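Note that the chains take the letters A, B, C and D in the order they are written out, and that residue 1 is the start of every chain.
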Amino acid sequence: MAQPRIVVQHDDFDIAAEMSRISGQNRNIGAVVTFSGLCRDEAGTLAALEIEHYPGMAEAEIGRVAAEVLGRWTLTGLTIIHRFGLIKPGENIVLVMAASVHREAAFNAASFLMDYLKNTAPFWKKEHLTTGEERGWVEAKTKDQEAFKRLHSL
Amino acid sequence: MAQPRIVVQHDDFDIAAEMSRISGQNRNIGAVVTFSGLCRDEAGTLAALEIEHYPGMAEAEIGRVAAEVLGRWTLTGLTIIHRFGLIKPGENIVLVMAASVHREAAFNAASFLMDYLKNTAPFWKKEHLTTGEERGWVEAKTKDQEAFKRLHSL
Amino acid sequence: MTKLVYFAWVRERIGKGEEVIELDPAIVTVGDLLAHLKTRGEEYAAALEYENVIRVAINQEHVEHDAPIKGATEIALFPPMTGG
Amino acid sequence: MTKLVYFAWVRERIGKGEEVIELDPAIVTVGDLLAHLKTRGEEYAAALEYENVIRVAINQEHVEHDAPIKGATEIALFPPMTGG
């Protein structure tokens, strides 16, 4: 396949446009699996997430994860978009779109990519509450930290 | 969650509109997994697929599959759209969209739903070739047939 | 009277999409029905030649070949599904 | 001279996003660097208190705490990632 499309930006993305872009590349695509990660409102307590990232490394690390995925599964297209900055409940945070001839590769690639991305891509979330306070930085889940340690044997 | 949205129609669907519909229902959605099944061109040999369905049972059977999925995973939204009639390469055939608080449920539900749907929903594909001939009816894959038999112990 | 409906190559081989027939009370199971239909002519025999691949639904729900057909208002015969 | 960059609560506790420092040749590994930084003031000691949760990247690639820092032009310190 062509190079994966990797974008790190503040602006929102357009799923329909990304879908056309990925399926327009090749008429032998049978399956496209799309993961959209959204900002939850946490039962009305969350006003916004502020997402900090490491410019340069964010793109580079997503590129390394994409290369790993493309080595494991045969895809006909792969797009990864991660937003940063202030994001409100209901808004998009991340998009992963994997296209393949048969559906298993696209499902497995998208799912693996999200697991891997969460553990290695340099992004951090801070929560702003509807009360006007900051709840502070989201803590990494233990299982995500353990997955990272297995990858990097820290 | 509300009732799953199940549509069997000839017309194409609009992924962005379906996404808005599913994520507008609830502000506590963290993940939406979308599977799009497209008509492949089979290396340029396929002119179109003709999809026959069993009206009434198609909707009922998709409803049974959806109920099974909703019993296994906690979802905040579920949409299944299956097209019938003449469909050209690059066009959509099927859409499954599963929304949940955390991503695992949405991934597992969408993947299981597609496996199950392929084996039990009453749709049949006939291939029309670019030479003008019919290649005839697509044969069910052995693994799909075996999965059906396990489900129904025929 | 029972409505029979056919799909895909079962429909093409039998040469019609549906028909309404009177079923003898001796036809108890789906298997009995398939055996009976095969005696109705060459086109039925051709459609149902590989009997064990034929899928059957009674009143729009999948059933096994040993299922009773009592109470059926609509019986559908079709090949393995290839949707999705 | 080496550029150090900090993110999320490491950045907030240290009180700056980046700085350029001269590193003593005795500082060989990432672990040595962390130990050295903790001596630079209370804010560094607070930021790096739980040293083993601190993630480190050299020239924008994750490295372990026993990795050598030789050749590093940019060393980043940050908490476990919470993107996705």
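Simple rule for what comes next: a contact is a pair of C-beta atoms (placed from the backbone, for glycine too) under 8 Å apart; a residue touches a chain by one contact, two chains touch by 3 or more.
All figures in this text were calculated on a predicted structure; none of them were measured in a lab.
Between subunit A and subunit D, the least number of touch steps comes to 1. Using mean Cα coordinates as chain centres, the one most removed from subunit B is D. Once the centre of each chain is set as its mean CA position, subunit B and subunit D turn out to be 49 Å apart. With centres set at the average Cα position, the gap from subunit B to subunit C is 26 Å. Shared interface positions of subunit A, defined as residues touching 2 or more other chains, are 37, 114. Across the assembly, subunit D contributes no residue that touches 2 or more other chains.
Contact between chains, using the touch rule, shows up for A-B, A-D, B-C.
In the complex of the two chains, the subunit A residues touching subunit B come out as 14-16, 19, 23-24, 27-44, 89-90, 101, 103, 106-107, 110-111, 114. Here subunit B touches subunit C in the complex through residues 37, 51-54, 56-57, 60-61, 82, 93-94, 114, 117-126, 136-140, 144-145, 148, 152-154, going by the rule given at the top. Of all the residues in subunit D, the ones that touch subunit A in their complex are 5, 7-9, 52-53, 55, 57, 60-62, 64-65, 76, 78-84.
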